[in-house]
Every structure is written in C-alpha cells, then in structure tokens.
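The data blocks that follow each hold one structure.
The same chain A turns up in both complexes below, where it pairs with chain B and then with chain C.
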Partner chain A sequence: MLEVLPFLPLLLRGTMVTVALALLGLGLATALGAIGAVGRLSGGRLSAVVVRAYTTLVRGVPDLVMVMLVYFGGQRMLNDIGALAGWDHVSLPPFWAGVLSIGLIYGAYLTETFRGAYMAIPSTQSEAARALGLGRFVTLRKVILPQMLRHALPGYANVWMVLVKSTAVVSVIGLGDLVGMANDIGKSQREPFLFFGFVLLVYLSITWVSNRVFATIERRIAT
Partner chain B sequence: MLKTTLLSVGFALTLGTQALSQSLNICVEGAYPPFSYTTESGSVAGFDIDIANALCDNLGYDCTLVKTGWDGIIPALLERKCDAIIASMAITPERKQVVDFSMKYYNTPARFVGREGMTMDNLNGAVVGVQRGTVHHEYMRGEHPTVDLKLYGSQDEAFLDLAAGRIDAVMGESIASATGFLETEAGEGFAFFGPPISMPKYHGIGAGIAVRQGEEDLRNAISHAIGELRADGTYQKINQKYFDFDIFGG
Partner chain C sequence: MKPELVFQNWPLFLEGLWTTVHLTALALVVGLCIAVPAAFLRLNRVPVLSPLVDGYVALFRGTPLLVQLYMVYYGLSQFDWIRDTWAWILLREAWWCALITFALNSGAYATEILRGAIAAAPRGELEAAKALGLRPRQVDRLILLPGALRRALPQLGNETVFMLHGSAVASVITIQDILGAGRHLNARFYLAYEGLLTAAILYMLVTLVVVTAFRALERRYLRHLRMDSAPRTRELPAMR
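On to the complex of A and B.
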C-alpha cells in the first residue's frame, strides 16, 4: 500500500479532473435536459421531433463511442471549418470534449427524467392555479416546479451516480482523469491492482458523499 | 476578390509551416515500460521519450509531449492533436496506408512467453494472448490461424491473465516481455519459448516514428536525425540507460 504514497499527488490531481468533469458535465446535462423537457412538453411538433431524435440517438450510442465521436469527429469538423475560414489550427482540448460528451449523453437521460417529473403532476394542479387567477409563469414557479423537484430528484440522483462513473471513458482520449492516471501509473509501476484498488476507494467515497447529500435534500423538500 | 482569397490562403499556409518548424507536438503513450512510462510527477519517461527529446534537440524543434492512449493515438495524429507519434510503433504496410513512417529507430524480435518447459509443440490447443491491433496480433492470425487467441487492450493485461492461468502463452515484443513480466515477481515460473521471431511481412522492419501522410519534409528530417543520433553516440548513450545490448537491430 505504501507504493501508492509517492503517486498520491498525481492521483489526487486525477481525482480533481474526474470531479470537475462530472460537475461540469452534470451542469451541461441539466441545462440540456431542461431545454429538452420544455421542447417535448410545451413546444410545437417540430421541437418535439427534434428532442425525440436527440434522446433516441444519444441514448442509443455507447459512452465510449460518443467520446471518440466528439473528440476526433469534433476536431475534424473544426479542422474543416478552419481550413475554409483560413484560421490557424484550432484545437479541441480533451477536457472540454469530455464535458461536452458527458453533458450531451446525460442531457438525454435528464430530458426524460424532467419530462417524467412534469407528467407526474396531475393536470388539476395547473387548472386550480389558473382558477385562482395565477399567471402561467407564477404557476410554473410556485406550483409546478416545487412539485417537479420532488419527483425528479430520485431520478436525478441516479443519473449523477451513473455519470460520475462514466467519466472514466475519457481516459481513451488521453485526459488524465483518475482512471487514466491510475491505469498509466499502475502499468508503469507494474502494480495495476494496487492503483485500481485506490480508484475503487475514491469512487466509493464520491458516491457515498453524493448519497448523503441527495438524502438530505430529499428529506428537506419532502416536508 | 479571388486573388485576395488565394493570397490569404497562401499566407495562412506559409504561417502554418513556419509554426511547424518551431514547435512540434509528439504523441507518446506512457504505459509501456521501459519504453514509455509515467513518473511520480506525472511526466513521461523511458527510451521513447529520451529518443524524442534527443531528436528534438537535434532538429532544433521546441517539442511538447502529448500523452495519448494507444487506441486513440493514430486518430490523434490524423486530427492534428500531434505532429508525430513516438510510441514504439512498428512500421507495417497496414499502418502505412494511413500514416508515413521515418526510418526505424529500433527493431527487437517478438517472442512467446509461457510456463517454464512449454515448447512450440504445445502451441496448438493452447490459448495465446496478444495486444489487439498490434503486429503480434497480425502474426498470430497469419502464421498460427488455428491457435485460440485472446485479445487485450494492453500487453500488461495479457500478462495479468497469463499469471492468473486464464491463458497459456503470450505473444509479444521481447524486451517489453522481459522487463515487464519475466523479470518481475509475477513472472516467476515463466520463460520465453520458441525462437526469436522477426518476419518483415508482419513485424515490419522495426519501430518507426509516424507522421501524417504527405509531410515529407518532417519525415525526412526525422529519419536524417535518427541517423545522426546513431553516428554521434547519443543513441548508444540512451540505449545503455535501459538495455544491455544494442536494440537498433540489424
């Protein structure tokens, strides 16, 4: 176990990358999920079709493929656009390619989470609000959203748990996240189990802390 | 109007080559000791890295090493994440269809590793592990089509399974097999078997430095620099740090 110590700073740096990637990915996914849910629920036919295409397509592609597509395919697109526009080489950094991929993938899942949460609220609620003379916006903010939150939270927490672990796929594009770091160090030190054991503990602590946080929030909004 | 566009394109191209002559991004792997491994500070070290730095010194380039996973290393070159790959990549006809190679910078034979006492006669009916997408994979498919293959993402995973008894033998590059497995605790009770193998048809002519197709100037400059490192003794000095014989090969 002592062999891990000299590499601790490096592994912690990898952990920071993983956590930053997960949090930014979750932020983007939440935004996309909210837009997607609005598109499915209140928009016209076109927005519903676009959102449905997005969720179907993205949920049907493996995470690994998506990361490769965004990083290499996105770079090719940038190169082609750059060649046309006469820019110098513009590079898509692996970290942002990772955030983009994670956000795109989990935005599709969250679209469904948010849509489901909205549908779980009886339509009588908004009818009652209208009967009381509340406007659309006030109804949404004061009546619908607080109830949606309660319905969405378990699904949201679930998506976060899966998202955290799926950040590991970014190591294929050379990003020094926790798994990528541990993989390289483990192979270089010829002690793969030791370093993957460390990875296991870190992920376990992240999910444990997340569990506590979400449990607290759920308790708060239940009352 | 068209003329100005052409002019600006020409200008951009000149700028592009100028930038290239000063700085060079090099893709390395960082998980293939002793050629390329990750150190405590997070930097990469090893034979490949020393060669990369020596080449850059020789050519007068300002080099940045870009750590990339093996599976994504050729795409990274093609999409201009880097300008050259120095990652113990064997020169093969298949790879030459997508990238160009410098002259070789080393050439070591491939060998089988198995339990002590195993011979080539035991090969049929055995399960052999190889790293996916490598020359060793091609060699096994071409020369031993009836042998059961198990494919791995890295050489180390194959050795883990060999030690665990899931497979009977591993086909791989001899130096990586020796230092990465046989000379370690896990490699006790295992040994090379069969002759050293080096068939140009599969193994090519050694490991080379890959560049994008059509970048003749860079490729020639690198090949020339490899020759100079050999001639001025820099190569031998690096070689000595890691190996007790000349790995440049015949």
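On to the complex of A and C.
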C-alpha cells in the first residue's frame, strides 16, 4: 500500500485532469443540450430534423469511438482547414479532443432530458403567465425554467454519473488523466493492481460525493 | 478520403463485427444469470451474501469499465499465485478477460434493473399468489421473476446498447472487435478517419438492430401496457 505514497502528487494531478475534463465536458454538453432542446421544441421543421439527426447519430456511437474520431479525424480536419486558410499547424490536444467528444455525446442525451422536462410542464402554466401579462422571456425565466429544473435534475444527475466514468476512455488517446497516470506508473512499477485499485477508489469517491450533492439539491428543490 | 480501402478490407470488419456481437451477447447472458439471484439477494436480505452483493453492485456501477478491464487484464497478472492456478489459463487470454469483466459489469447493472422491476410488482399479484397457497420460493420463481423480466424489458434494451458501446474498450487490450478493425485499417494505411468512421457506422447499425429488436419484444410482451403507442426515447441506464 505504501508504494502509492511517492506517486500521490502525480495521481492527484491526474485526478484534477479527470475532474476538469468531466466538468468542462458537462458544461459543453449542457450548452449543446439546451440548444438541442430549443431546436426541437420551438424551431421550425428544419431545426427539429437537424437535432434529431444529431441525437440519433451520436447516441449510436460508443464513447471511445467518438473520442478517437474527434482526436484523429479532428486533427486531420484542422490541418485541412488550416491549409486552406493558410494558418500554421494547429494541434488538437487530447484534453480538448476529450472535452469536445464528451460534450458532443452527452449533449445528445441532455437534449432529451431537457426536452422531456419542458414537456412535463402543462401548457396551462405559460397560458396563465400570458394571461397575467408576462412577456415571453419573463415567462420562460420565472415560470418555465424553475419548474423544468425539478423535472430535469434526476436525468441530469444520471448523465453526470455516466459522463464521469466516460472520461476514463480519453486516456486511450494519451491523456495524462487519472487512468493514464495510473497506467504509466503501474506498468513502470510492475504494480498495476495497486495503482488501478487506487483509481477505482477515486472514482468510487467521486460517485459517492456526486450522489450526496445531487440528493441534497433534489431535497432542496422538492420542498 | 479513400473509401475503397474499407471495401477492399471488408473481411476485417466482418470479423470485428462478429467479435463485438458475440462478446457483447455472451457478456449480457452471463450478466443476466448473475443478476437474477443477485437481485433477489438485494431484496430478501440474507446475512453475509446480501452485503456482498451490495458491494459488488456499487463497485461495478461506480467505476469505469475501462479501469475494470485493466484491473482484470493487467492487475491480476501481477500476482504469481494467480499465475500458478488454473484460472491463469483463462486470465492470460485478452478475450476471456474482456468477457469476464463485461459479464461482471453487465451483471451489476442488470441487478439494479431487475431489483427495481421486482420491487415494482403489483401487490395484487403477490396477494393472489399467496391466496393460491404458493410458497415464497415459488412466488419468486413463478410470479415475481417473469413479471419483473417483462417490466424490465425497456431498461434491459438500454443496458444492451450500453454494453455494446462499452465493449469497444476491448480493442484497447488487443481484441480485434469493430473498433479494433477500424484502428487496424487506419494504422496499416496511415489514415485518419476512414477506419474509425466505418467502425462508427457499424456500431450505429448494430445499435439500430438492437433497438428494433427490443421494440419488437416490447410490443409482444408489454402489449397489455400499450407501450407501442407511447413515445420512447433511449436513455442511459440509471446509475443511482
């Protein structure tokens, strides 16, 4: 067990990378999910078709495939665009490829979460707001969104739980996240069991803390 | 883009497709076999066994599949005493490591799915079973389990897709599955997207087949609930 101690700073740095990746990925996913939900709900036929294509296609692809596609394909695409625009070489680091792919994947799931939350609110709510003379924007901000929060939270929490574990696959394209660090150290020290065991514990703690946080928020909102 | 290379190498992808499909299918079947007793142990508390099952479920659902796979493939081989047992015949093969890990992972998720479905059994069914004089064991086997499997169908469908997608990590430990074939093609011809894009399309097609198959199953076994008229969206398996 004590063999872990000298490597604790490295592992901690890896944990920070993992958490940052997960949080930024969640941020991008939330933005994409919000745009997607708006596109399906209020837009015209074209935007609904585009969003449906996005959610259906993205949800058919495994996270690891998406990560590699974005990393290798995205790099090539950047080079091709760069050649046309006359930029210097632009590189796509594994971290940002990871944020991009995780955002893309879970944005598709959050689109459904947000859309479901919106549809769970009776239309009489916005009709009543209108009757009271509230404008469109105020209705959305003061009447619809607070109620949506309650319906969206369980789905949102679930996406976060899956997303955190999804970050592990980004280590495959060479990111020095928790899993990547433990893999390197474990191999060089010939103690893979010990270091992957440490990784399991870190993920379990993240899951446990997240569970607590979301349970607290849900309790607050419910009352 | 050089799509002709993909077509010239179609046997590679066909083999990969077969590997992915039968690895996933086996893992799901073994997982379900684990889940049935485990789900009952979660509900009917038995000393020692029930807490063990709780721990198993929490561990496998709370950590990434990739790390679980590394743990079995790299982690276990570090111990000489494991290398000396019969288990080493299986554990030195990447394929068996993947199957064992995936089955255990899928088993943990399926346990939670089944537990929920069993707990959701209508009280009337239980009362009727008792009134007919069935013993508790018989109630579990004849009433609760078949009903729970039916109710769990939509979530088991989601879990199937989840496992199918999760199985892509097998390519990291040298298994030539769909993604393995795509990476192989990319590496051999020094390509950026072709192999990966083909892999992505193949995964989409298999996903479509799985979703359609489960829709058909649901239409048959959940007819009394008129599930086919309700709009369904694919969700992630519930984690909490």
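What we mean here is this: the second predicted complex is superposed on the first by the 223 of 223 C-alpha atoms of A that agree within 3 Å, B and C clash if a C-alpha of one lies under 4 Å from a C-alpha of the other, contacts with A are read in each partner's own complex, and residues count from 1 in each chain.
In this text, a residue touches a chain if its C-beta (ideal position, glycine included) is under 8 Å from a C-beta of that chain, and two chains touch if they have at least 3 such contacts.
Keep in mind that this is a model prediction, so the values were computed, not measured.
Trainee: With both structures lined up on chain A, is it a clash or a fit for chain B and chain C?
Mentor: These partners clash in the superposed model.
Trainee: With the two complexes superposed on chain A, say which partner A:P146 touches: chain B (first), chain C (second), both, or neither.
Mentor: Neither partner.
Trainee: Give one of first, second, both or neither to describe whether A:V162 is in contact with chain B, with chain C, with both, or with none.
Mentor: In the superposition, A:V162 touches chain C alone.
Trainee: Now for A:P6: first (chain B), second (chain C), both, or neither, which partner does it touch?
Mentor: Touch status of A:P6: first partner only.
Trainee: Give one of first, second, both or neither to describe whether A:P192 is in contact with chain B, with chain C, with both, or with none.
Mentor: Both: A:P192 reaches chain B and chain C.
Trainee: When both complexes are superposed, which of chain B and chain C contacts more residues belonging to chain A?
Mentor: Counting residues of chain A touched by each partner, the higher count goes to C.
Trainee: Is A:S91 touching the first partner chain B, the second partner chain C, both, or neither of them?
Mentor: It touches chain B, and chain C stays clear.
Trainee: Examine A:G60 and indicate which partner it touches, taking first as chain B and second as chain C; both and neither are also allowed.
Mentor: The second partner, chain C, only.
Trainee: By the touch definition at the top of the document, which applies to A:S171: first (chain B), second (chain C), both, or neither?
Mentor: A:S171 contacts both chain B and chain C.
Trainee: Tell me which partner A:F72 touches in the superposition: chain B (first), chain C (second), both or neither.
Mentor: In the superposed model, A:F72 contacts both chain B and chain C.
Trainee: Classify the contacts of A:G27 with the two partner chains as first (chain B alone), second (chain C alone), both, or neither.
Mentor: In the superposition, A:G27 contacts neither chain B nor chain C.
Trainee: Can you give me the overlap between the chain B contact set and the chain C contact set on chain A?
Mentor: 68, 72, 75-76, 171-172, 183, 187, 190, 192
Trainee: Flag every residue of chain A that touches chain B in the complex, lowest number first.
Mentor: Residues in contact with chain B: 6-7, 9-10, 13, 68, 71-72, 75-76, 79, 86-89, 91, 171-174, 176, 180-181, 183-185, 187-188, 190, 192.
Trainee: Would you pull the chain B residues touching chain A in the complex into a rising list?
Mentor: Touch residues, chain B against chain A: 8-9, 12, 15-16, 19, 30-33, 37-42, 66-69, 71-72, 75-76, 79-81, 154, 156, 160, 180, 184, 186.
Trainee: Touching chain A in the complex: which residues of chain C?
Mentor: Chain C residues touching chain A: 58-59, 62-68, 70-71, 74-79, 164-169, 171-172, 179, 182-183, 186, 192-193, 196-197, 199-200, 203-204, 207-208, 233-240.
Trainee: In the complex, go through chain A and note every residue touching chain C.
Mentor: Against chain C, chain A makes touches at 57, 59-66, 68-69, 72-73, 75-76, 109, 112, 116, 154-155, 157-159, 161-162, 165-169, 171-172, 179, 183, 186-187, 190-193, 196-197, 199-200, 203-204, 207-208, 211, 214.
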